[in-house]
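Both of the next two complexes hold chain A, though its partner changes from chain B to chain C.
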Partner chain A sequence: MGGYLLRRGVVGLALAFCAVFLTYCLTALTFDPLAALRSRTPPVPPSVIAAKSAELHLDQPVPQRFLTWFLAVVHGDLGRTNSGTAIDAEILDRIGVSLRLFVLGSAIGILLGILVGVLGATRQYRFSDHVGTLVSFVLLSTPVFLSATLLKYAAIELNQAVGHNVLLFTGEYEPTVSGGFWPHAVDRLQHLVLPTLSIAAAQIALYSRYQRNAMLDVLGSDFLRTAAAKGLTRNQAIRRHGLRVAVLPIVTMLVFSSGLMIVGGVITESVFTWNGMGRWLIDGIATQDTTIVTTVTLFVAVVVLLCGTVSDLLYAALDPRVREVR
Partner chain B sequence: MSLLDVSELTVSFGPDEAVRGIGFTIGPGEVLGLVGESGSGKSVTAQAMLGLLPARSRCTGSVRFRDRELLGLPERELARLRGDRISMIFQDPTSALTPVLRIGDQVAEAVRIHRPRLGARAAEQRAVELLELVGIPDAARRANAFPHEFSGGMRQRVLIAMAIANDPDLIIADEPTTALDVTVQAQVLEVLRTAREVTGAAILLITHDLGVVAGMADRVAVMREGQIAENASVTDLFDAPSSPYTAELLAAVPRVDDPLKIRGELPQAPDVLRVHGLTRHYPLTTGALWRRRTGTVHAVDGVDLTVRAGETLALVGESGCGKSSTLTDILELRAPMGGSIEVLGQDVSTLDSRRRRALRRDLQVVFQDPYGSLDPRMTVGEILAEPLRVHGFGRAHIGRRVPELLDLVGLRGDHAQRFPAEFSGGQRQRVAIARALACEPKLLLLDEPVSALDVSVRAGVLNLLRELQIRLGLSTVFVAHDLAVVRNIADRVAVMHLGRIVECGPVAEVFAHPAHPYTRALLSAVPIPDPVRERARTRIVLAGDPPSPATPPTGCRFRTRCFVFEVLDDEQRGACIRTDPDRRSPDGMIDHDVACHHAETGYLSGGSRR
Partner chain C sequence: MRSRRARIGLTVLILVYLWTFLSPLVAAWDWSAKDLSAFLEPPGGSHWWGTTQTGEDVYAQSMRGLQRSLSTGLLAGPLATVIAAVVGSLAGYFGGWTDRILMWGTDLLLVVPAFVLVAIASPALNGGSFLWLVLVMAGLVWMITARVVRSMARELRERPFVQAARYTGMGPLSIIYRHVLPNTASILIIDATISMASVVLLESALSYFGFGVQSPDVSLGTLIRDGTRTLAYPWLFLPPSLLLIGAVLVVNYTGDGLRDALDPGSERARRVTGS
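And then the complex of A and B:
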């Protein structure tokens, strides 16, 4: 196992390097960080522009800039944004914000997705199954910016109906909240509900579709029939034999859905003005900032690779057939 | 009083009736054979009795077990009976066990579900006892294994262990040996006999193999299209079948004890295929995620074969012994991994691409699965025209040739406009044969061409092949695992075991005087559809599983299962352990060679055991 993880780590790092290298080069070649400066009125003197250009090393060739940045990263210095803030100063907070969304969204997505999928399969073609199918297709085909915005409007309606602000949709917390632990916790929760829902909705829809199919396969399987022939009732057979096998395909989905989730995260964070990695990416593009965009890419690469490893390990733990003989 | 009384049982799926008003009874301790071709409703009947059918099925009539009506019983009460008083064994052992749970736990569950008060430890202990009873070696340790670590035969033993866990009154076995090799089938039937002795249970034995029924059943019910065509005692059924359908079935079954349809001496003819020392190894890799080579599968390991013009050579052996790998290597027409292949006098390793293409035309193949091998979007006419077009024949020739081909394989000219989906399995196999014959090949390779077909259809296709042999003077290599089929179609037979040919000779010779212990075991394992002869036979039941081709034993590869080896003295055994015997003709055998150090000794003729 150790050897396997090591090899996996090496290849993962190589892949992450490629992703980062390509992103850096592409953005460095296409971004024009001085555009904002040049279009100012009254015009900024050329000497200032030249100074800024030198400060951002724009006068050097791209490979050299990449190398400088990369070596600094290896030594633990993630560099600065165009405006001069250190990446190090912001990144941990932002990762925390994004991971909170990501972990909660996955957990809710997976659990509810499995539940909905299993129920759909055991009630195939009944009314509840049709409803589930319909809802998940609608959710899957709605872009996140639309569903997030709709959620926002729904929350406004709700708040008006109730008469005070139950669900909040700007930022992660209200700086004005005072008091002890509980008021803060409630405030955080009020902010958390909508973005989490927005990001989990597509996950639930996706997982439930897969889970429904996997479960249908299992429901028609020989081993479930064997379990019934042994004297288990249908529900016992599904619980003790079916579920274990039916969740296997979901585990491999973890990697794919992590990509989807990050895209959803970018938009969700922007709609709800959460200062996470996703919103940073948008900011970075807006300010034509190579360092920010590359940093976010590095983060995404690491998350996807970690998800891949976790899903492999989980699979091996759940399915004796792939456990390696060591 | 009867144990089980089925009457007027009808099962429908929507508008289709799969079972139409059947009735039969089973007495305590009785073995009832339920035979019929696939789709005749055998499995549906069995599952209907236990309420195992999907919810959209509808059952009417009556199934009384010990005077209690089972149809319409609430699920809880049915579940209480299932696995306790009535248990069931299914056809496909590979998928019948839950892949992620340990064998021992699955057997223990069968015990505990009906005796919740029995502790976990006691149930585990009982599971190990049961596994021992059905012949799992080293049961206490193997109980911790997962299903994929067991061979098909071993898994079927596990299923039998679960079926007898609670001393049932009735065991329903649905084609319990159909998915297994003959030698393994013999073992599993033996276990089923033991199970019956231990529990005294009655058995409903569902099968399409009349030989199995002849050996096991007291009474036989023949099913056809959802109805019972005949129900009689086993002797009456085989002696004097009262229904014409039964008679037809019995006549259609090829038997290993049939009189030979010898074509007479074949004239001395040149060799069309010469294979020498053919070797094909596959890397063995582990890890689903990170493939890593951990060994070598010796799929084909030094195979020598010759096929003379106009002759049919059968290649027989258990699944996984390397038959198909051998065929594929020949088909490739490229230098093999090891050894040499000579087709129609040309060494394939020396071919350039033009000559290889020309040779392709002379070498054609028919595969086992008539469903997978025909493109469903092409009409039969297009399917037959394709090889002709590829090899450059003109429109006029193709237009003439297609109806000719259809006629040759017993189909009608107007079948050319239809799609494969409109044909039955047997008809599709005829189309596949016609396609192979389109360019008038000189050598035809047949990979289990009738294994997927039902008995009556199989007889038709075999007759067709035999007719083509004579009419076209075809040379064929016929891969099969069914010795009865081989006896009916081949001139010579080569018996393959673990990547090697262990015996080769004329069919008459090999079947009458099998000289290799493995050939003898194979022949003895084939059940004969005749209750008197079948029950009077002494049978060689091999011990254990075939060894893995990744770790073949040293010396003779059959020695771990060889019953002759067992009775040899140490010095004689030494030869078996040290050297892999070469093929040679023992004294007095002409054109018949064997790879066994002790083929001449008296052990072979004398020592057969039950």
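And then the complex of A and C:
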């Protein structure tokens, strides 16, 4: 297992390096960070543009810029954005914002998804199963930017119906809230509900479909019949033996879902104006900022690779057969 | 086609797609026309679904957007499946370094966020060519299918009929074409529909953020973006939203029906993506 992890780590690091290298070089070649400056009215004097160009090292060849940036990153300095703010000063806050959304959203998504899937499978073709299938199909056919916007629309209607703002949808918190711990906590919660819901909805739908299929396979298996033969009731057999096997496909799904979370994160953060990594990516592209885009790519690569490793470890923990092979 | 559901889904899809072309013959307004006597009118009258802030007809624009979205999906979905089939079967059949290099490329594309890739490709996209958009979309959704095809090809390589073909002196490329790919065909057909759904979703998301279809042309994504600037006029964003959900739903429904018909009892977990 240790050797396997080490090998995986080395491959993962190489992959992350390639991703970052490619992103840096390709964005540096295609982005035009001076475009905004050049199109400003009244026109900016050429000397100012030349100074900015020199400040951003645009006169140097791209590989050299990458090397300078990369060596600084290895020493813990992630560089500066086009406007001159240090990435280091901002990145921790933004990672915190994104992870809060990711972790909460996927925890709710996985738990509810498994629950809905298992219930659907044990009650196959009953009314509740059909409703679950229909809802998850509709959710899977709805892009996140749309479900997020529709949630926002619903929240406006709800707030009007109730008469005051119950659910809030701009930013992570209100800077004007005063008072002690409780008002702040309530304020954060009011902001948290909608984005978490929008990121969790697609995951609930996705996981419940997989889980329903996996559970149906398990329900027809011999080992559950054996468990019933030795005197367990059906529910006991499902809880003690069935669930553990049926959850396995979900664990493999973690890798793919990390991609889903990141895309969902980019969109959710933008719709609800959360200042996380995802919105940074959109901002970075809008301002043609190579450093921001590369930083976010690095973050995404690390998250995807970590999720892959965690899912392998979990798989081994749940399925003894895999442990022995490795 | 044995599956009733696939047949229904496919029929609805084809009829709706045809309607987006026929609709301009019937409707009173063109999608690019501006009615300067009707701004922000609610549905009714000659503007069936109302008008926008600049007097554009919401119905005609929605139909145009739907046509754009479906065209992108119909072209890019199958194209992505072809890419996946070629990369996956080559990697799986040859193994060794071919496999390693191809899978590295695949993983790399999975790790770099789609938005970054589109931002890099956007100078080409801003040129306005629709085919570029199709190529970029196909290039963004083939990776997971390629991994599935690869594992199937690895398994098929060891089967007796493939080995027999090898002993008769058949070249590896014709073995892949004659024996490996036909045996992954059912998965590929199902995946083409799923990729179609992914492409439609991705295209609308990218257009929503201004990376996909560029104005003056419209897609469902740009219509939803423009319609949701303020949420006060539901007729601006509800029609394109419902059409988008409906279109993807029909594609997914067809794919599900095809799966039941072509791939019975498969333990392959259902891959249905959303973005």
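Rule of thumb we're sticking to: the second predicted complex is superposed on the first by the 323 of 326 C-alpha atoms of A that agree within 3 Å, B and C clash if a C-alpha of one lies under 4 Å from a C-alpha of the other, contacts with A are read in each partner's own complex, and residues count from 1 in each chain.
Simple rule for what comes next: a residue touches a chain if its C-beta (ideal position, glycine included) is under 8 Å from a C-beta of that chain, and two chains touch if they have at least 3 such contacts.
Predicted, not measured: the structure shown is a model, and the values here were computed from it.
S.K.: Which partner does A:Ser53 reach: the first (chain B), the second (chain C), both, or neither?
M.R.: Neither chain B nor chain C is touched by A:Ser53.
S.K.: Quick check for you: in the superposed arrangement, does A:Pro320 touch first (chain B), second (chain C), both or neither?
M.R.: First partner only, chain B.
S.K.: Should A:Ala227 be classified as contacting the first partner (chain B), the second (chain C), both, or neither?
M.R.: A:Ala227 sits against chain B, while chain C stays out of touch.
S.K.: Based on the superposed arrangement, let me know which partner A:Thr287 touches: chain B (first), chain C (second), both, or neither?
M.R.: neither
S.K.: On the A-aligned overlay, A:Ile156 touches which partner chain: chain B = first, chain C = second, or both, or neither?
M.R.: Once the two structures are laid over each other on A, A:Ile156 reaches chain C alone.
S.K.: By residue count, which of the two partners contacts chain A more extensively, chain B or chain C?
M.R.: Between chain B and chain C, the winner on chain A residue contacts is C.
S.K.: Using the touch definition from the top, say if A:Tyr4 reaches chain B (first), chain C (second), both or neither.
M.R.: Touch status of A:Tyr4: first partner only.
S.K.: Which parts of chain A are touched by chain B and by chain C alike?
M.R.: none
S.K.: Considering the complex alone, what residue numbers of chain A touch chain C?
M.R.: The touching residues are 15-16, 18-19, 22-23, 26-27, 30-31, 137-146, 149-150, 152-153, 156, 202, 205-206, 209-210, 213-214, 217, 249, 252-253, 256, 259-260, 262-264, 266-267, 270, 281-282, 285, 293, 296-297, 300-301, 304-305.
S.K.: What residues on chain C touch chain A, complex-wise?
M.R.: Residue list for chain C touching chain A: 104, 107-108, 110-116, 119-120, 122-123, 144, 197, 201, 204-205, 208-209, 211, 221, 224, 228, 231, 234, 237, 241, 244-246, 248-249, 251-253, 267, 269-275.
S.K.: Give every residue of chain A touching chain B within the complex, in rising order.
M.R.: 4, 7-8, 220-223, 225-234, 236, 240-241, 244-245, 248, 312, 315-316, 318-322, 324-325
S.K.: Tell me, which parts of chain B touch chain A in their complex?
M.R.: 47, 50, 52, 54, 75-76, 79-84, 87-88, 90, 92, 95-101, 109-110, 113-114, 146, 148, 159, 162, 286-290, 294
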